[in-house]
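Questions regarding the structure given below will be posed in turn.
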Amino acid sequence: MQDQNMLKQNHTVLVIGGGVAGIRAAMDLAESKRDVVLIDKAYSIGGLMTQLDRTFPTNNCDLCTLSPNLSESGRQLHIELMAMTQVAEVQGEAGNFKLKLITEPRFIDLEKCTACGDCFNKYPECVRFTPGLDHRAPTCMRYPQAIPHAFSIDIEKCKDIDGLVKVCKADAILPEDTQKVQEVDVGAIVLAPGAEVFDPGKLDSLGYATNPDVVTSLEYERILSASGPTQGELVRPSDGKQPDKIAWIQCVGSRSLHEGAASYCSSACCMFALKEAIVTKERFQDSIETAIFYMDMRTFGKDYELYLNRAKNDFDIRLSRSRPHSVLRNPETASLSITYTPDDSNTNVTEDFDMVVLSTGFKVSQDVQDLAVKLGIELNEHHFAKTDSFSPVATSKSGIYVCGMFESPKDIPETMVQASAAAFCASKDLSVTAELSESVEEFPPERDVSQEPLRIGVFVCDCGLNIGGVIDAKGLADYAGTLPDVIVSEMIGHGCSRESLVHIENTIIEKNLNRVVIGGCSPRTHETKFQDALRRAGLNKYLVEIANIRDQDTWVHFDHPDDAFIKAKELIRMATISVALSRPLTDNIFPMNKDVLVVGGGVTGMNAALGMADMGFKVYLAERSGELGGVAKKIHKTIEGDDVQAYVKDLINKTMQHDRIEVINNAFIVDHTGMPGMFKTGFQIAPQMFYRQIEHGVTILATGALPNKPEEYLLGEHKNVMTQLDMDAMIENHPDEIKGLTNIVMIQCVGSRCPENPNCSRICCQSAIKNALRIRELNSTAKIFILYRDMRTYGFYEDYYKKARELGVIFVRYGADEPPEVQAVGEQLKVTFYDSILRRNVSVYSDCLCLSTGLIADEESSEDLGRIFHIPKTIDNYFLEDHIKLRPIDLSVPGFFVAGTAHAPKTIRECIAQAQAAASRAHSMLGRDTLNLGAAIARVEGEKCAACLICVRACPFSIPFINEDGYSEIDPAKCHGCGICAAVCPAKAIQLMQYEDDQIMAKLTGLLERVN
Amino acid sequence: MENFEPTIVAFCCHYCAYTAADMAGSKRLCYPSNVKIIRVPCSGKVDSIHILKALEMGADGVYVAGCLEGDCHFKNGNIEASKRVAYIKKLLDEINIGGERVEMVLMSAGMGERFAQTAVDMTEKIRKLGPNPVKSASKADHAA
Amino acid sequence: MITAERKPMEELIECLKPYHRILLVGCNECVTVCAAGGRKEVGILSSALQMAFKTEGKNLEVKEITLERQCDPEYVEELVTHIDQAEAVMSMACGCGVQEIARRFKDKPVYPAVNTTFMGASERQGVWAERCQGCGECVLGLTGGICPIARCSKQLLNGPCGGSTNGKCEVDPDIDCAWQLIWDRLKALGLEDRYEENIPAKDWRTGRGGGPRKIIREDLVK
Amino acid sequence: MKTESVLEKIFASGELAVTSECGPPRGAVPEKIIEKAKMLKGYVDAVNVTDNQTAMVRMSSFAACVFIKQLGMNPILQMVTRDRNRLAMQADILGAYSHGINNMLCLSGDHPHFGDHPMAANVHDIDSVQFVQMVKDMRDNGKFQGGDDISNPPKMFIGAAANPFADPFELRVARLGKKVKAGTDFIQTQCIYNLDKFEKWMEGVRDRGLHEKVNIMAGITPMKTVGMAKYMKNRVPGMDVPDEIIKRMAGVPKEKQPDEGIKISVEAIERLKAVEGVKGFHIMAIEWEQKVPEIVEKAGLLPRPKVDL
Amino acid sequence: MSFRKRLTSGEFVVLAEMNTPKGADVSELVNNARRIKGRVDAVIVPDMENGIMRMSALAGGVLMHQQGVESIINVNCRDRNRMALQGDILGAHVLGIQNLVIVHSEEMAKGDHRDAKPVDDMDELELLAAVQSLQEGVDMAGFKLNGNPSFTVGCNIAPSADDAAFEKELSLARKKVEAGAQFMITPPVYDLNRFSSAMDEFKKLGVPIIPTVFLIKSVGIARYIATYEPGAHISEDLIKRIRKAPDTETECLKIAGEIIVGLKEISQGVQIVTLGWEYRLPAILDYAGI
C-alpha cells in the first residue's frame, strides 16, 4: 500500500504526531517545498483539538476551522501521511537519520474505503474508535472530516471476517493485512507527539473513578460537542438529566504535590475551564449555574484577560478562589458535594453540584518518553523535551526539533507558533543542499462551456448539525431542484469533506454539469476547496457560486428555523440565478518577488531576518531607532539565568555581518503599495530623512512593544521607585546597592489589567520572581514582598514561584478594588496593603519599591503602520492576527506576518519562537514562484467608453488611463479589484469580473422574486 | 400590515461587513432573517442602480455596509459609497419612496455584534416605515 | 463640453403622466462625461421613474437606449426600431439631442430629462464650471486665456468692476473674479501691456445676437 | 470747452468741485426727489441721479434729472450698462441732452443678483469703458456707436467711476487709464476711508499723468453709526474701511456717532484737498442728504463758486 | 515671470525640491515636474544630497529646463574639485540654468558610498566667491573667460538646536551674503510663531529669505523630529493633530499647506520639500491656495 518510491532520501522531514502542531509543521514544510513524512499512531490525524467542541477565546467550532487544514494536508503532494505508524528505531545524525517505522494493519484499503459506514453498522464491535467517552460514541470515526477518511478494523474482535468482507461494497476490507516495517531516511525530525491528559482516577478525594458525574474537561467537551456521544445534548452521564449546577475544579494534576501529579502549571486549563463555562452559559443562560474553583486565574494570553472579564461580567460565572479538598456524592440528592475553604474565610463550606468538571493538566506520556530515549534527546525534570532559552524548539540533539505540548504545556495558538518555528528550523537544515521537488497538482484541461445550455448542479451541505440541525437540508435541495436549469440537486453531508468533494466532481462529470451552486458555509473560508473540485472536474473555477447558508443563515437564525429555511431558499435561488451568468475567467498570475522586509530590529526582528537570510532570501531589516537590539538591550538575565546581553550582542553581530541582510536604521515607513508577492514600501530615513523605496514579496512585522511607564506609585518621582527593568539593571550593575537593602516591595499588575490597558502583560510575574530570586542570591536577609493579583507563572515558571516561596519571598494577594497605597517617607516608601490572612491593613516601610509595569503596545508605530499597511489592531493597539487560534502569525492582509511583542507581550524565548514561525510562514509563501491575483479585475468595454476620465480620477490607486485608442484602459497587473471605477462609470463601460452588474442584478432577482 | 415583515438587502464589503456577518454567525448572534446579504469586494463597488433596482424589485430597505473610516482596503471606497448613498437618499425623497429606506453603515471585520445590531436596527426601522410603496402599490394593482 | 443636470423628478414625472410606455434615450457624449445622461444615468432615471409610477399604482414601461450621439441624425436613426412601441420619448441629451429626436420623429412627443446648462470644463471630479458662451468671436487671446464673457458676472471686457474683493466676484465669494485671474495670468506671462489696450465694444452678431447660427464648411458640404 | 457743463467750467476755473447724489423714488411721484434736491441747492455744483441703484427698480434717472433741472440745479445723469443695450442707451442720452442735461456718469452697475429683480436679464451689451468711448464718440465725432452720423450730437460732460480699493489693486490705476483713454472727463471715486491707500493710488495716477487728463473727485460718505461702518467693511464688495475708523466710531456713544461720522468725513476732505490731482469731492450721503450742507460747510468748501452759464 | 525677477520685485516665490532618480529612468521626475508646471516658480534639484549617489543635479536641472520648468541646482564641494565645479557651472549656464544654491554637503560616511573619497577642494564661501568671479569673467586661476555666465545664487542656513548655534549660523549666513548669496533658504518651519522671531533676525541679512516647508508623513516622523531635532520645534499639539486625524496623509498635506499660507505673511517665498512624495506637491499647493 505504501509506495516506497514516495519517500525521498535525506531531504525529507519526518514529522511525528498528527495533531494540530504536526499538521501545521507538515503543511509549512510542504508549502516551502520540503518533502514530509507525517506519522501518527492513531488511525486518523487531528489529535486532541479535534475533540474540542469550541475553542477560546472566540468560542468557535474547531472542526470548521481545522478541517480545511486537515484535508489540505491530506492532498498536499509533498506530504506522505502514515497513520497507525510509530518509530521503532533511530540511527544516524542530523541530515541523515535512518528510521525504522512500524505501521499497524488497518485491515482496510485506504484507496477503496469510502467511509460509508456499512461495516460499522453491521459489525460495530470490530470497528475501532476511541472518542472522548467512547462507550456512547455514535461513529467510529473520531470526527466527521477524519483524515485518512477511512475506517479501521479491530480484527481481534471480529468473529465473522467473511461477513465483514462481504458487507463492504467497495471491497476495501483486507483481512490479510499485516504489520509493515519500513525504513526511511530523513534529514530532520519534528516532534509533535502532543501530551496526554492527567488521569484523575488516582485522586480518591475527587471521586472521578467512582462517580460518572465527575468528568474531565475533555470529556465535558465531548458531551458539549455536536459530534460527540450525546450529539451535543448536555446531560449528566449518570442519569441523562440536564444539570442545573456545574463546578469546575482547576489544577487537577498540575501545581500539585500529589502522587503522579505535576508540579508545573499546565497553562491552558484556566482558559479551557472559562470557555466551557461560557459556552455552557451561552447555551443555557440562567438555567445553569456555573462555578470555577481556582488558585490563580491564569489568563495571560492575548486578549485572554478580556475573556475572563466577560466570563465574570457578562456571563455571571462564579469564580471562587479556593482549592476544594473533596468531592463526595450526596446520597440523598444524588448530587455532588464539594467541600472547600473560601479565600476570605477559615471555615470549610460544602456546596452541592450536579456535575463536576476536573480541569486536568497535561503530561508527557510514557510512549513519548520512550520515543525520546530512542531519539536520544534529553528531557527535563518533568519529562518534557529539553530546549534552550534562545533556541526554543531545538532539542538537545541537532536536527531534531520539538513543538507543541511536548516542549511544554501550552494552548493552541502557541502550539501553532512552535509548529511553524520547528518546521522552519527543520527546513533550514535542509535548505542548502536540498534538491527541491517541483510538482504541481495537475488539473485536466478546462472544458469549453460557452456553447452549452445551462446545466446547474446544486449541492446542499448539512454541515453536521450546523445546517441540518436548523433547517431541512434535504427539503432545501428538493426546492433547488425546481429552479430553472438545475439538473442535479442533492444534499450532501459535510460538503467540504474529501468524500463529498469527490462526489461533487463525479457528479459534474457524469451529469455534464457546467455550473455549480454550493449551499454551505462562508465562501470566505471554503470557496477555494470547491473551486478546486470544479477544476478537477474540468470546469473553470469561477463557475461555482456559494450560498452562505451556514454562517449567515442557520447560525444566526437558529432561533427561528422556519424563517431560516425561507431565507436559505432565497439564498440558494440567488446563487442559482447568478451562477447562470458566471463565465470562465482566467486568474492573473505574476512572478513573485522573493525579498523580505522585516520591520523592527529587536530580538524578534533579527531572528526573523537571520532566519530568512540563512534560507537564501534577501532581507531588508528596517529599524526605527538608530541601533538594533530593542527592549532586550535592557534585560540582563532570563529567569533560567541565561545571559541576555551576550545573546543580543551576538545576534546583532550576526545580523550586521550577514551579507544577505541590509539593515536600515532610523527608518520610518511612509507609504506602501502593491500586493503580496510584489509589495513596494517607501521609507524616510533619518536624520537626513531621505526617501527610499524597497520592493519585497513579504513583510514581517516585529515592531515590538514598549516598557510601560504608568504614572503610578510615585514612579518617576521618587528615586527609590523603579520598574522591574530598572531593578534588573541595578542587580547587574550595582549589586552592592542590592546588598544594602532591607525591605523590598514589588507590586504586580501596575499599568496592566486596568481600564487603560486591560490585558495581562504576561511577562511580569516571572520577571518579578526572577528579580526576587536574584536579589535573594545577593542578599539573604532582605525581606521581599510581592503584592500580586494572580501569580501567573505558567508552565515551568511555576517551579521558580515555588522556589521563591521556599526562599522566603512573601507573596501577598491584593484585589483590583483595593490596590496597595504608597507614600513617600523621606528616602523610604510606606506601602500599605490589605492582608487577607491577617484581615487587616499592613504597612511596610520599604527602601525599594519595584513595580511590575509590563509592556504596552507602541501606539505610535502600530498606528502609523496599521494605517499604512491596512492592518487591524486590537483595542489595546497590538496587531490583530488573521485567526487568533489557528493563524496566530498571519495577518489579515496576505503577505504580512507578525512576531514578537508587536503581537502581544511575551518573553524573549517566546519571541524567538514566533520569529522563527514568522520566517516559516513567510518562507512557505515564498515557496511559490508566482502569485495569483485572482480574476476580480476591472475590464473596460472600449466601444462604450466616453473617455470621460471619471474612472481615472476615481480609482484609489490611479490605475486607469486613457489609451491611444481614446478609451480607458486598466492594467490587470495593477488593478486591485475594488470595482469603484465600475460603480462610477457614467457610460457603464466598466465591469468588474466576478461581480458584473448582470450578476448582481441576478442576485437581486433571485433574492426578491418572492416579493414581487 | 400588522405582520409586515420587511425584506432588506445588505450589500456587504468582503473585507469588513461580510466578514463581520460571518463573525456574527460563528458567535451565534441572532438577528432577524429579514436581512439578506450580497457580497461585494468593496462598498465602493455598489452602484446607485443596484440600490434602486433592489427597491424597484420590492426590497423594503437597502443598506450598504463598508469598513470603518480610514480602514477601507481600497483607501476610500467606503467614503465614495457613503456619498453615493446620500445621493440616492435624495433621489428617493424626490420620488416619495423615502430616503430613509436606504442607509450606509460602517463596521470592521471583527464587529459581529455591530453587524447583528445593525440588522436588528434596520429591520426595526423599516418595519416602522412600512412596506416599500412600490411593492404595496403593485400588489394593490394585482389585487385589482 | 456641454454640461447638463437632471431636472427635478417631480417635473419629469408630471410630464410623463399621460403615458404608459416611453423610450428613455441617453447620449454617450457630453452628457455622459458630465454624468447627466449617459448609460448609467439612464438606468437610474428609468428605475426611479418606474418606482415613482408604481407608488401611484401605475405602470410605466421604459425602454432604455443610449445613443453614441444624439445630435447626429444617423445615430438617432437607430431609434426607428423602438419608436413605435413608445408613446413618448424622454431624452437625457442636451437640447440639441432633444431637438434632433423631435425633428426625426414628428408624431412622437419628446421631453427633455435634463436642463442643458453651459459649456464648461471639469474643475475636478464632480465639479463642472462654465467656461465658454459660444459668442462666436473669441477674445481669449487678449485676456490671457481666461474668458471675461463667460466668467465675469458683468461680461466686462476692460477690467474688473469695483466689486472685486480678495480675488472673488462680488456676486458670490465662491466665484473667482475673472479679471483677477486674467491679470494674474497676464502678469505671469509678462504680458501686462495687453491690459492697457481698450477692447472695443463687442459685435454680438457672431453670438446669439445675430439670430440662430450655422457653420458651413463648403469643402465638406455634400 | 467741450460742453456747456457747469462742472467742466468749475474744473476749468481751478476751483474744487462738489457734487452729491439723489436716489429717485421707488414710485411714480416726484416730490421726494425734489425735496432731497432742494436740500442740496447752493451747497453743491451738481447732483448725481442714480440709475436703478443697487439693482432695485426706481424712477428712471432721466426723468428724475428733468425734475432737478427744473429746480435750476445741475443734474448728472447716471446710466448703467446692465439694463439697456447700446440702442436704448444712446436713445436716452439723446433724450436727456434734449432736456438740457449735459453731465452724465457711465457705470456698469450693480449686478442684479443683489437687487429686487435677480431673475432679470443681465444686458451688459458693452462695458463701462466702452460706454465712455461711445458717449465721447457721439459728442466729439458726431457718430453713433454703430457708425452713422448724428445730426445734432449730444454734448455730454462724461464722468465715470473708479474704485481705488478693489482687487487687484495694482490694476486700479491702469483701469483708470483705460477710462481716461476712452474719453472720461471726470471721475468720481468709491467712498474713501483708507486715506493712505487712496493716496498711494493717486501716486500711481500721477505717475501716469492721468491727473492731468481727468478731473478726479474723491468720494466721501459720512457714516451714521458704527454698525454702518462694519457693514460697509464686511458686506460691501470693494469697500475698504480700516479698523481704526471702526474703532473710532465705536469709541463714542451711540448718539454721538453721527457727529463723529461727519467729523471723519470733514477731516478726510481736509486731508485730501492737499493731494495733488484731487479736483473735487463727491459727497454721497445715502438717505442722509440733509447733512451734506453741514459737511460742505465744515470742510470749508463754501461758498460755491459762480460760473458763467 | 522668472524666479530672479520675482525675487527682485519682492514677489512671493514658491520652490519645490525634486530629487533626481537613482538610476537613469527619469519618467517619474518628468511626470512630477509636469504636475506642478506653472504652479511653482522653480524646482530645486539637489546634488546627491545626503551622500546618496544619484543622477547629477546638472542633468536634472537641464531636464527641468526642457520641460519648461525653471530650475535651481545645488552645488557642493564634496564631490568635485574646483576644475570640475567651474566647468559644470559654465556648462549649467550654457544649458539654460539660471540659478544655483551653494550648499554644504553631508559627510560621505552618512551616505551610501561610504568608501568614496570626499574632495572638499574648497569651502562654501570660496565657491561663492568663485561663482561671483566667474560671473565677472574671471576663473579661479585668474584667467579671463570667453563669455561670462550669470546666475542668481543662494545659500542654505543650517538648522540650529539652540541660541548659540543659531548665532553661529547667522554669522555664517552674513558671510555668505557678503560673498554674494542673493537669497537664503532656511531649515524647515514647523511652528510659525517661533519661526517669525527667527525671521526677524534673518531679515537683517538683507536678502530674500525662503523658509523650507517639510512634509511630515507620519506620526513616527513627527515624533522623531520633535525628539532629535530640538531646534525644529514640532509641538505636541501638532503630533496630536496628526495622530487624531482620520486620514493622516491628508492631514500632513494640510499642515504643510497651512504653514505655507502662514509663511506668505512673513517671508518672501517658500521651498517645499516632500522627499519622495513629489507627486503630492499639487495637493500641498492646493491646500496652500497656490
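Should a chain be cited, it is by its letter among A, B, C, D and E, assigned in written order, with residues numbered from 1 in that chain.
Assume a contact is a pair of C-beta atoms (placed from the backbone, for glycine too) under 8 Å apart; a residue touches a chain by one contact, two chains touch by 3 or more.
Predicted, not measured: the structure shown is a model, and the values here were computed from it.
J.: Assuming chain E simply isn't there, give the groups of remaining chains that still touch in a chain of contacts.
T.: When chain E drops out of the picture, the chain contacts still join everything into one piece.
J.: Let me check something: if the centre of a chain is the mean of its CA atoms, which chain is farthest from chain D?
T.: A
J.: Tell me which of A-C and A-E has more C-beta pairs in contact.
T.: A-E
J.: Work out per-chain C-alpha centres and flag the one nearest the whole-protein C-alpha centre.
T.: Most central by this criterion: B.
J.: With chain centres defined as C-alpha means, what is the inter-centre distance between chain B and chain D in Å?
T.: So the centroids are 64 Å from each other.
J.: Averaging over Cα atoms per chain, report the distance between chain D and chain E in Å.
T.: 52
J.: Hey, how far is the Cα centre of chain C from the one of chain D, in Å?
T.: Measuring from centre to centre gives 40 Å for this pair.
J.: Show the residues in chain C shared as contacts by 2 or more other chains, in ascending order.
T.: Within chain C, the residues that touch at least two other chains are 40, 43.
J.: Over in the complex, which chain A residues touch chain C? Could you list them?
T.: 944, 946-950, 953-954, 985-989
J.: Contact residues on chain C for chain B in the complex?
T.: 8-10, 13, 40, 43-44, 47-52, 54-57, 59
J.: In the complex formed with chain B, which residues of chain A make contact?
T.: Answer in residue numbers: 58-61, 64, 282, 522-525, 548, 550-553, 555-560, 563-564, 566-567, 570-571, 574, 867, 870, 872, 880, 892, 936, 954, 956-957, 976-980, 982-984, 992, 994-995, 997, 1000-1001, 1003-1005, 1007-1008, 1011-1012.
J.: Show me the residue ranges of chain E that touch chain C in the complex, using the header's touch definition.
T.: 1, 38
J.: Which bits of chain B are touching chain C when the two form their complex?
T.: So the residues of chain B touching chain C come out as 47-49, 52-53, 55-56, 91, 94-97, 133-135, 137-138, 140-141.
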